[in-house]
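All chains are identified by letter, namely A, B, C, D, E, F, G and H, in their written order; residue positions are counted from 1 within each chain.
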Amino acid sequence: MNTTELLSLLEQLTRGELDVASAHGRVVEALRARPFEDLGFARVDHHRAIRQGFPEVILGLGKTPAQIGAIAAEIARRGSTLLITRASEAAYAAVRAELPEAVYYPDAGIVALRQGDIAPGKGTILVCAAGTSDLAVSEEAALTAELMGNDVERLYDVGVAGIHRLLGERERLSAARVIIVVAGMEGALPSVVAGLVSVPVIAVPTSVGYGASFGGVAALLGMLNSCSSGVSVVNIDNGFGAASIASLINHL
Amino acid sequence: MNTTELLSLLEQLTRGELDVASAHGRVVEALRARPFEDLGFARVDHHRAIRQGFPEVILGLGKTPAQIGAIAAEIARRGSTLLITRASEAAYAAVRAELPEAVYYPDAGIVALRQGDIAPGKGTILVCAAGTSDLAVSEEAALTAELMGNDVERLYDVGVAGIHRLLGERERLSAARVIIVVAGMEGALPSVVAGLVSVPVIAVPTSVGYGASFGGVAALLGMLNSCSSGVSVVNIDNGFGAASIASLINHL
Amino acid sequence: MNTTELLSLLEQLTRGELDVASAHGRVVEALRARPFEDLGFARVDHHRAIRQGFPEVILGLGKTPAQIGAIAAEIARRGSTLLITRASEAAYAAVRAELPEAVYYPDAGIVALRQGDIAPGKGTILVCAAGTSDLAVSEEAALTAELMGNDVERLYDVGVAGIHRLLGERERLSAARVIIVVAGMEGALPSVVAGLVSVPVIAVPTSVGYGASFGGVAALLGMLNSCSSGVSVVNIDNGFGAASIASLINHL
Amino acid sequence: MNTTELLSLLEQLTRGELDVASAHGRVVEALRARPFEDLGFARVDHHRAIRQGFPEVILGLGKTPAQIGAIAAEIARRGSTLLITRASEAAYAAVRAELPEAVYYPDAGIVALRQGDIAPGKGTILVCAAGTSDLAVSEEAALTAELMGNDVERLYDVGVAGIHRLLGERERLSAARVIIVVAGMEGALPSVVAGLVSVPVIAVPTSVGYGASFGGVAALLGMLNSCSSGVSVVNIDNGFGAASIASLINHL
Amino acid sequence: MNTTELLSLLEQLTRGELDVASAHGRVVEALRARPFEDLGFARVDHHRAIRQGFPEVILGLGKTPAQIGAIAAEIARRGSTLLITRASEAAYAAVRAELPEAVYYPDAGIVALRQGDIAPGKGTILVCAAGTSDLAVSEEAALTAELMGNDVERLYDVGVAGIHRLLGERERLSAARVIIVVAGMEGALPSVVAGLVSVPVIAVPTSVGYGASFGGVAALLGMLNSCSSGVSVVNIDNGFGAASIASLINHL
Amino acid sequence: MNTTELLSLLEQLTRGELDVASAHGRVVEALRARPFEDLGFARVDHHRAIRQGFPEVILGLGKTPAQIGAIAAEIARRGSTLLITRASEAAYAAVRAELPEAVYYPDAGIVALRQGDIAPGKGTILVCAAGTSDLAVSEEAALTAELMGNDVERLYDVGVAGIHRLLGERERLSAARVIIVVAGMEGALPSVVAGLVSVPVIAVPTSVGYGASFGGVAALLGMLNSCSSGVSVVNIDNGFGAASIASLINHL
Amino acid sequence: MNTTELLSLLEQLTRGELDVASAHGRVVEALRARPFEDLGFARVDHHRAIRQGFPEVILGLGKTPAQIGAIAAEIARRGSTLLITRASEAAYAAVRAELPEAVYYPDAGIVALRQGDIAPGKGTILVCAAGTSDLAVSEEAALTAELMGNDVERLYDVGVAGIHRLLGERERLSAARVIIVVAGMEGALPSVVAGLVSVPVIAVPTSVGYGASFGGVAALLGMLNSCSSGVSVVNIDNGFGAASIASLINHL
Amino acid sequence: MNTTELLSLLEQLTRGELDVASAHGRVVEALRARPFEDLGFARVDHHRAIRQGFPEVILGLGKTPAQIGAIAAEIARRGSTLLITRASEAAYAAVRAELPEAVYYPDAGIVALRQGDIAPGKGTILVCAAGTSDLAVSEEAALTAELMGNDVERLYDVGVAGIHRLLGERERLSAARVIIVVAGMEGALPSVVAGLVSVPVIAVPTSVGYGASFGGVAALLGMLNSCSSGVSVVNIDNGFGAASIASLINHL
């Protein structure tokens, strides 16, 4: 009930077009409405999809195939694009039983079902990866970004040990609107990339390495301490998280 | 040597106005010229300002006032906006001796001199802070973003212990194009903010806290593990870094 | 020998119903008894059950099924309620061979046998969980609290990424006498909950997450650094520990 | 505006005792009220004091004396009991200038002004401390608990190196409704205390120690891994936090 | 009450020389006596000195000079040897005011007053130190061991970088009954020493070093992982602790 | 060449029974002989057994059964007592093929073959363990100590959560010459034990626990920071190491 | 285009054998050529082999056998020596299918195919190892060094617990041009070795150990904090890395 | 006694110029001489200078000016070049009092006195530094290398954020025989440098940075995990250590 509606209601009441009980009931209802519903909180999923261009995503980690299958069916039934990350073969089987047209991308560990409900991003998201061992995380990022409506370019195996490989691709670097940089070991690639471009760089440390890489901690610290400005960081191996913020940026 | 100059040289050679040895020497010299200069790398500072909308920034940490004063004078002489972070009173004194119109912002630890060379950002950057103890980092972020040409809003003291304070400001949250969230202790604020909006959130952990906050590590880990998507993280207390990437995003 | 028995003995002695040597022997025996027995220490299990409302609990971790079966039988034979945490299927099989009426709760990893010896708690213990991946720890807490005689409410999947889900349940939050909050990843939920209520909050970090969650360390640090007062913390994944102190509080 | 008030207003309107503009204005005002105010969120401080028995507390750490003085004056003006933790001499001077009757407890680092607005707790909170070096944290806990309306007993210097000192005080241990245990170094005292009693134990690790105590980490880990049930833990040196939850428990 | 006294009491009772109430009261009193007193726990300090050959020691860290002075006076008044570790100049001044004959050893940070109450150890304790920077910790160990009644030899500056310095002193190594080895940096000396001798080696890591020595952690870990058997370790910089256990061993 | 042989050689030379060149050659050879052989280093194993009462021990970890079998056979052939720690069933099978009389102790993970070459220790080594989960480490310690010639007593399941269990065994504690204390979780037991006795305590942290026990780190730190004097510590789960130094002490 | 070609072109131009447009086009093309190609970066692999004496190496970790087989075939086809580290049996099978003459060294986890393209080093690289458990890392280092053209000596099982074993081999230590020292546990061996020689020592920490060795961290820290000069360190278990820099040094 | 002296002695004996007892005594004395002296260990300092080209170095850290002055005087009196690292102004004053010609280099924290006793290295050592804040460590490395007889080139402020600055100096990189790379923050520079050259790279992490740089740990881990081969690492801020091994390499 907006103030115009309220004014009208009160005027109806004074004009006798409305009895006190009815007026009382309608105003009480307006007062009682759960504020979070008034703010749109209660139907958040639909609002999120409308505003952000992407519905709820399922993190496959720590859920049973049966649970994943059930949630996936519910999301798809709404006509929403389905995205499941960290999905196993078994999870895919459970989803396919419900949604035969769902697709499994084993390199990325993703199950997806596109439904045409996603708004396109404005530019290109470039996913750079330091080495071939970073493939799984890079593909999680690249595929997530694509599903979220973005044009995605891939630039893999351009680690800093052979800096010429990166420098030779400066045009593709310059053409991107957002760059996701995936690297394990010392995690130096985001610093070098960010020094070459003028767009935001989202850095993803990977758990690639051994010994004192400590499961990605070395790369994470390297990226947090980047001497280049324009870099921010997500969790270790979190290709999905990098794609999410990159997509938000690319939809601005 | 550009292609016009080369054409002219070759014509001089065919016309006999230039002997082969001289022509050879000049072309060899051009071939030998540092390729990165040819690519424009050697004048990076000017290029950076033109492309990124902001010139080189001085990190005051670990430099003497004299060094800071000298570098500041050089930057300002080019007509570039001057920004010095982590600047002490003594550093300011050294800068003021060179550049009397430079301004010191003690809350932010920043010395600045605006020169009208900065392109404006497109929307508003909102700087949220959990508590009053996060003021220094928040102001470093807010002032950096302003100097980089952005409209900046401040929303301070909205920590999650009193969640209504944040929820009551949903309109200002929704109005921002990028949000910087500054928090110490458990660093939970970025997760809550990112769950309420659909724009990128840059999280800045601060070293505010004691005991098991470990100088900001607790907040950093909290932010890296955010259960909300759309969050990326910069180094502890790195308000400048957050503003840099937020400004890049806001200039897209 | 209590004082009434002693008085009776001395009277028998003066009445000649007991000779000096016998009386001497019996009093000496009482004096010689291990003092900790005199203080009740030696029969601690029975005392503990009487005072605390709950007998000894078996931690299944690191014990063989055979060991667990034997200890379980001994506890049950005393008429005490049996509680085994971190119990595997194999442990359950060993227990069931001894105690056919024992029940296995696989979600909680608990084997139990209720025996009607437990005093009821005074109010309701609410178990909040941030995500569905926290189910195992949450159920360990909830079921333990129930077996300890408490009314238990469950409020799951109310993580801070969608804060409205929690805010919409303020009535159930307000109705609890003690709240256990279970969360992994950044562990922010206890801070938000404690800011909404005025009862003690026991926070349980879980090892849910990956990368820089470090097996629950991020959540643990987040909870220890909570900016809300009224929060205390137990070990990572220690649903049982949270329920134990919550039950002690609820029996006060 | 409650529904009775609304009904009355609407009736006045139909009776002509109120004109439409006035009625409109008053109902609009009620609708406009920030919903969190309707839910009681907006006046949280007063609500908190009524429900929890204690108003907002000032953490002195990282605030200037001037800031502390101003906030203290505002709290005291409402008739609320004032509590400032981690308060320096300088902070006290600033407060005393505003509130001459405020008292400084240097051992506890606390400035306080009692105002008779605090509901009494039900039983006794016992503060145990392992060593004399834990005094500051212990006193922060004890004094906070007293200011929150609780009867407080102190039992200091009962560390496990001389276990008889603790065992000799079993009566005082048994008489408490909640026990706060403060210990540095290996932090073993809470385990021993919790094994002797049947009430909740709130453990406070302190930064007392050197070398591999790592500023209280050894004690913190010891307490989190307590083999006794009925123990939960707060941050290192967080005497205030322990007292807050202990007081909540003691007011149940 | 011993058994003879009890027998006498019971006989008096049968002889009518004692009434039942009196007898009952006296036996009840004996039964009620605090068992830890019966076990001698209540006078522990005197027992400790008699059994261990050394009275209570004052750790100066975190105590005021006044507190230290008072405790020192009390210990000395009993005729006990006084030992204060981590003692500052100011602490010494406070002690000297009470006990003019007390001596300050600034290298070791020790204040002491010998009183002739200490039993001599059986053999020699050798204190080896890797470098001159380990002097303070080494002297704390050596002086503590001397005050505890042991013959002490010092063998300093025999770090593994010049292994011949150590090998050239094999006779002094072989002559010791217990060896304390003090080392910072990589903490390798205990491994080498223990490989050369057949007596227990107590290793003391020191905080000497920089960078990745992490305040003694590198040395601590090195010593805990010693590939030589016969080595055990105390806390970083804990010369006193090493001397305590070495003295216990040397008094066996 | 000993001095008698040298005297004889020189006399032969003067008597002409030996020419100068031969004498020179033989003395040069003696001078050149590897000094460590002269010092007995080269046959260290035999010397070690004679001096220390125990020959070389095989750590089974990271060796193949075949390697273990071969080394075991070589040790046993010398008539030395064989001790293999961390030995698997497969390792035992390989040893038994060579040495049929070797015995496997699966609880301790030890393979042994006694050969009567070990000198007896002087007193009793008491092995205390906090919980039944510490059994493997405790048995490694106890059995190693027995094989090294010591009388060993076991006192298991006396953790500090039920302190009366320990206090009731004070006589056995007092009767020991050295005490090994094995504990996981918070590792508090050594502090309590050392406060009750006047003999050296060797503390062994175990990896028993979960969550913030960090594989024994919590227990290790607890023990290193023991507030009781007379405690030193070995590596996590290093029952063998504790027994080795305890045996050295018990043979003094 | 090299300078000879350029000279020829210019001469053709002056001789009229080439028109200006053609000459201009060809020189412009040379100027435009990707500078990194002009510098030889684009064919880096061949350049690297020519300059460094060794072609690209395959890290088997995290690659599928099929991927490894394909890359191996490509490298071998160029006539380059093949080196695959961290190679499994399955990886070897895939390589052997392509390159039947490739050899598998299971101790070192290396697959190799020598092709006679490697320049010999100047002196001997000595690989020292502390214990037999360090074999895999030591062999990775030794075999890598051999494949890189170096004479390699092995000196295994010379850990510091029996220092005479190392001292007895001083001649072999002195004869080396570079020494690689491999050690786990406390990692003390490099310090001792570097104190005995005057050549560079490359230290390799291994993950051998348990408990507080933390997967090689203790050894790594020990080596980084070496009190001997002339030591530098590579990552935990990185035998290949040590051999790479040792070979670079030995080819100087 | 060398072999010539022995031969002479034996000839004197056969010639009767020496009696058997005297000869016996003198040879016994030679045999008894401490073997490490026989091996030259006992005069190690002189040997070290002869072999390594550099005498003992004084680490100023943790020594008093008086101690430093005394040791410096002793070294210089032997005619050896003096090098004191981490030297304060006060230390320099103490040295200058003894050795007026000693020079202080405040940027490097070094006091030195050249004495012409140092053998020259073969090539050039290049010291690269990422930023101007790395100056102190870089200068410690550069000056140490110069004092050790090496030609040293400096290449400062070539961090990876502006990769062209480094690439533009490829000729100087290629001209070096050994390269020391000094970097803080993410420590990425050594990886990039090692990818461009074919000589050994010694990486020095510095403590430059804040927040999650953890005093140089981020840079250290980055360097240990370098994806480029040919890199080894020294301790954080250890410019001296890098120069020492670089000089050993450059003298090969």
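By definition in this document, a contact is a pair of C-beta atoms (placed from the backbone, for glycine too) under 8 Å apart; a residue touches a chain by one contact, two chains touch by 3 or more.
Note that this is a predicted model, so its numbers are computed, not measured.
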item	value
Any chain in contact with chain B as well as chain H	A, G
Same or different contact residues where chain F meets its copy chain C, judged by the half mark	different
Cα superposition of chain A on its sequence copy chain D - rotation in ° rounded to nearest 5	180
Of all other chains, the one whose Cα centre sits farthest from chain A	E
Inter-centroid spacing, chain F versus chain B (mean Cα positions, whole Å)	60
Approximate Å spacing (C-alpha centroids) for the pair chain C, chain D	26
Separation of chain F from chain H, taking each centre as the mean of its C-alpha atoms, in whole Å	40
Shared interface positions of chain F, touching two or more other chains	36, 39, 162-163, 167, 211-213, 217, 220, 224-225, 229, 235-236
Chain-to-chain touches, reported pairwise for every pair that qualifies	A-B, A-C, A-D, A-G, A-H, B-C, B-D, B-G, B-H, C-D, C-E, C-F, D-E, D-F, E-F, E-G, E-H, F-G, F-H, G-H
Sites on chain D touched by chain E in the complex	132-133, 162, 164, 167-168, 208, 210-213
Residue numbers on chain H that touch chain E, as the complex places them	34, 36-37, 39, 41-42, 44, 61-63, 67, 205, 207, 215-217, 220, 235-238
Chain G partner contacts - residues on chain E that touch it in the complex	130-131, 159-163, 167, 185-188, 191-192, 194-196, 209, 211-214, 217-219, 221-229
Touch list for chain F against partner chain H, complex	1, 3, 6-7, 10-11, 13-14, 20, 23-24, 27-28, 30-31, 35-36, 38-39
Chain F residues touching chain E - in the complex, by the definition given at the top	39, 48, 51-52, 57, 123, 170, 177, 198-202, 220, 224-225, 229-236, 240-242, 244-245, 248-249, 252
